[in-house]
Amino acid sequence: MPDKPKVAFYWCASCGGCEESVVDLAEGILGVVDAVDIIFWPVAMDFKRSDVEAMADGSILVSMINGAVRSTEQEEMVRMLRRKSQLVIAYGACAHLGGIPGLANQFDREQILKFVYEESPSTQNIEKTYPTLKFQEDGRTVTLPEMHRLVRTLDQVIPVDYYLPGCPPTPKLLQQALTALLSGTAPPKGSVLSPDIALCEECPRKETKPPDLSFTAFKRPHTSELDPEKCLLTQGFLCMGPATRGGCEALCVQGNMPCSGCFGPTSRVKDQGAKFLSSICSNVVATDEKEIDATLATIPDPVGTFYRYGLAASLLRARMGRQAEV
Amino acid sequence: MSQPTDKPSNGNPPAKWEPRIVAFFCNWCTYTAADLAGVSRMKHASNVRIIRVMCSGRVDPQFVLEAFAKGADGVLIGGCHFGDCHYSEGNYKAARRIRMLRRVLADMGIEADRFRLEWISASEGEKVKLVINDMAEKVKALGPLGMPGQFKDFDREMEHLEAEAGVKEVAHAG
Amino acid sequence: MPDATPTNGTPRIGFYVCHCGTNIAGTVDVKAVADYVATLNGVVVSREYKYMCSDPGQELIQQDIREQKLNRIVVASCSPLLHEHTFRHATEQGGLNPFFFQMVNIRENVSWVHTDQAAATQKAKDLTRAAIRRVFSHKALEPKRVPINAAVLVVGGGIAGIHAALTLANAGKHVYLVEREPTIGGHMAMFDKTFPTLDCAACILTPKMSAVKSHPNITLWTYSEVAGVDGYVGNYKVKVKRKPRYIKEDLCVGCMECVTACIYKDARFPDEFNVGLSKRKPVYIPFPQATPQVVLFDPETCLQLKKGKCKQTCIEACDRECIDFTQTEEFKDIEVGTIILATGFQPFDPAKTPYYGYGRYPNVYTALEVERLVNASGPTGGEVVLRDGSHPKAVGIIHCVGSRDEKTNRWCSRVCCMYSLKLAHLVKEHTGAEVYNFYIDMRTPGKGYEEFYDKLLKEGVHFIRGRVAEVTDWAMTPQEEGKLVVRVEDTLIGSVRRVPLDMVILAQGLEPRADAQDVRRMFNISCATEGFFLERHPKLAPVNTFTDGVFIAGACQGPRDIPDTVAQAGAAAAEALALIDAGHMELEPNTAYIREEDCSGCKSCVPLCPYKAISFLEDKKKAWINEALCKGCGTCVAACPSGSIVQNLFEDEQIFNEIDGLLSELAQV
């Protein structure tokens, strides 16, 4: 009897939500464990790194790696998994686009460490103890992985075969992806495994958006009431639906929150944030520079808004000079 | 990292560094004015490389970002004065996008003088000369932006692992 | 690397760099450029040639296409605004779709504006590399053909508009001639004699005016203005506002009984045609030969129209029942294929040069006022008199008022020297006074002009070369009491003079009309910096504008005399005729289209188009662009948040390739 295909999961700089999305397959998970042999899943199973190292190159059918790559350990692991796997799937927004960890590219490593270990309001670190990369005691040396200076998407480190978008990908999408892979009906290499059309297409509130929408100001979800029926962009909230790939069934919108762009752009767009910026600014009403600025001032953090998930994958990728105020 | 790299990214033996500025000029006003500057033999700095578009409204913010990402030290956009757009309103849309893009660029550490929007009408050949000279001077003072070099520099932190792996992984993107 | 998926096989690029004599080759090392480009990916042929736009140059392209099986052409030479169509044509002649061509501007943008040869050559290489990369993703396109409506709109009924209208009407085309004033004739109708022949202006103009009126192919709408313009070349939809005369135009024969019978026994209101030098009644005809010969009522001064109560003696006097106080403005919608703007100039207002005393000293006149004085049918019956009715013994004419002046207008108004000479002659003839012309340079370039000047010199007119500093009534000597004194540096003798005069005439310059900006926006053309309408090319296309189908003629394009105005009007008519007789025009295929399968129906693009080319299809729930209305600006393309709109000729891929090509390392492609 032929061996079941081998599957690995790994997490890099991530929140664990992607791992949960696999678990969210619920009963579907049984179908998965029946069909495949999970040989590595740090969050859930006790396989060791050395187990994977011992395997032959290419002997894993698919490794699903989530999280952005931020440390030398993550880099080592993903390189190894790439060698050992036939296919690598960038699983979730962090691996696909850098995700929210990608926003760290606005700051440099030293600033971040300083904030976390000294300056944050909830930190109490009188001795100013910082993580040390190498520490010797009693003749033993312990090491820590080093933080890279830059947060990277998975494909900025290793070649990636497919992308499962979303923060996290929906169980439905994961199911569809696994089925396609296992049955050999996978789309061309390099594809993002969700429809290549913007979210508005499947949005339940689509009918309520007028064809002449223009803006004098933008609202933020925590400052205003959100009408549960009407198109959120029409209400003045920055819904990134028009600039975001669909396939998630507009879950956030159904939860009465504007889309924040986690599925990334369509294949025709290189920089999701730039395109969304272009679209909403084009429809601003003001014609006078001062008035334009006043309208745009209602978006206090453009990078955090337009590039919430996609900064590491964007055209600029990171702040130059890196002297941002934390 | 705040020091610009000295080596000009065109790989040539380092001569005196000259900024490379990519310009998007609208066909009806600014491009025509640039031609007029040419016909009038108005000598100016040679740092600007013009890309012709029909209207400043065609300028997608992605173009600006791509230019910086591929090594431009400055980006200049030229369009018609308000009220003069050959297509009525394209320049207003350009203005709105660019004002927001400016904020994004500032937050991403790109100095304001590297990104410029000018309204230049078809008969303002002199203005083309003045703007180009001024921008070349200002960008020169700022030094190279050198984004490709920056990222090569950052990627060195992955070299030792690549070497150990024995195989150079070709990244899928970037 | 560029995505090399062209629609007709792997790119095989032919590259040609032009020397343009020494225009390019003198600064750019064209051989180095050709050699460099030969090394680039996809380039099969890389040549340099002295004059690419010449027949042999174009032959070269065609031959190479056939022999080398090229499928892309790139030419580095002058501006695409000049020769893009030339090389596209050559490409087409060679058997390739003309849009597989890309042009690189290394003359206007490089060799003519840079002095450092190394830098210029490097720039030429960068620009060329960008074009090579771009052209990879060019696609075959067909130009849009639009039919040309044979009707023409001429805006402005001065000599330019009249001549253009008659030329077109004689060619059998239907012309709508729209004039803002109640009569056609423009400024020329106000002149007495015209230089240099001293023809009577009315004598040569009025036959043309009546030819316009009676021509079966001309629809003459005076006292009317264009209210709005929509559409594009060949298919303009124009809205014309006809202002109410309160007269039924086709009944009135111009007998003027109503004027005589008017409740105002005396004329009381400033007469516009006589530049305020005489008075008219509320009902009036602008001048005796006004065309159409129809009176009109001034709603600001007519008692019936202003206050609603008058004995209406005019209605009693009119036996043809032409008067109709209930008239309102009327809008007419017309469809034309081409438009000629001949809206003329406005004279410089000397209130802006207060040091010449206009408005302060009664006997300082403008040239236009004096034209009316010398005219036999003017306010004084041809007598050149001062405000008190007496004849002047000494008259001064100050040249360049509002011209050649950093404080007012920098340009030379071209006609003032000649008309000042003419006025000098006429004033001397009418009054026998001593006449002084205060000039900076005497500009007499036309046919017979210098000879006219010569004649004046022999007539005893005094010429003092210097820009007048001021006109004052402050007398320093007894001889200056009660006179106007001109203070001027006589540069030929090198001293300042005070010249006492009875009358001073200001040779006012020509300016663009006050509403030129509004007018040109309505017709979607541009103005030059000074405010005159902008021609497409100062030498080679002086009557064309950058908007296809809209032409300009006469003083609205820049100050000019009558012969040149008539020439331009004929030229504009010829341009219109060329389009009409061709029957159609090819438009650049740079329109945008929405990829239906990619569109999510987000509607972000729909409000963006000022031409309403984008609509939302309710049945498909997708946006759609009407190609006929799209003008190809590309604004929607840049705005589409999912990248689902494509602009032909300016696709994202093409522009990204161009950017990458500009910046990529010299060594690699």
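Here the chain labels run A, B and C in written order, and each chain numbers its own residues starting at 1.
Definition applied: a contact is a pair of C-beta atoms (placed from the backbone, for glycine too) under 8 Å apart; a residue touches a chain by one contact, two chains touch by 3 or more.
Fair warning: this is a prediction, and the values are worked out from it, not measured in the lab.
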Result of counting contacting C-beta pairs for A-B and A-C, higher pair: A-B
Chain nearest the overall C-alpha centroid of the shown protein atoms: B
Inter-centroid spacing, chain C versus chain B (mean Cα positions, whole Å): 35
Between chain C and chain A, distance of the C-alpha-averaged centres to the nearest whole Å: 57
Chain centre separation in whole Å, for chain B relative to chain A (CA means): 29
Chain A residues counted as touching two or more neighbouring chains: 269-270, 275, 278, 282
For chain C, residues contacting two or more additional chains: 608, 635, 638-639, 652, 656
Residue list for chain B, restricted to those that touch at least two other chains: 57, 60-62, 66, 93, 97
Chain A residues touching chain B - in the complex, by the definition given at the top: 72, 75-76, 79, 82-83, 106, 108, 148-150, 153, 155-160, 190, 269-271, 273-275, 277-278, 281-282, 284, 286-287, 289, 292-293, 296, 299, 302-303, 306, 313-324
Chain C contact footprint on chain A (complex, rising order): 196-201, 206, 209-214, 241-243, 246, 265-266, 268-270, 275-276, 278-280, 282-283
Residue ranges of chain B in contact with chain C within the complex: 9-12, 18, 20, 22, 27-29, 31-32, 34-35, 37-39, 41-44, 46, 49-55, 57-63, 66-67, 70-72, 83-84, 86-90, 93-94, 97, 121-124, 129
List of chain B residues in touch with chain A within their complex: 1-2, 57, 60-62, 64-66, 68-69, 82, 92-93, 95-97, 99-101, 103-104, 107-110, 145, 147, 150-151, 154, 157-158, 161-162, 165, 167, 169-174
Contacting residues of chain C [partner chain A, same complex]: 597-604, 606-608, 615-616, 621, 635, 638-644, 652, 656
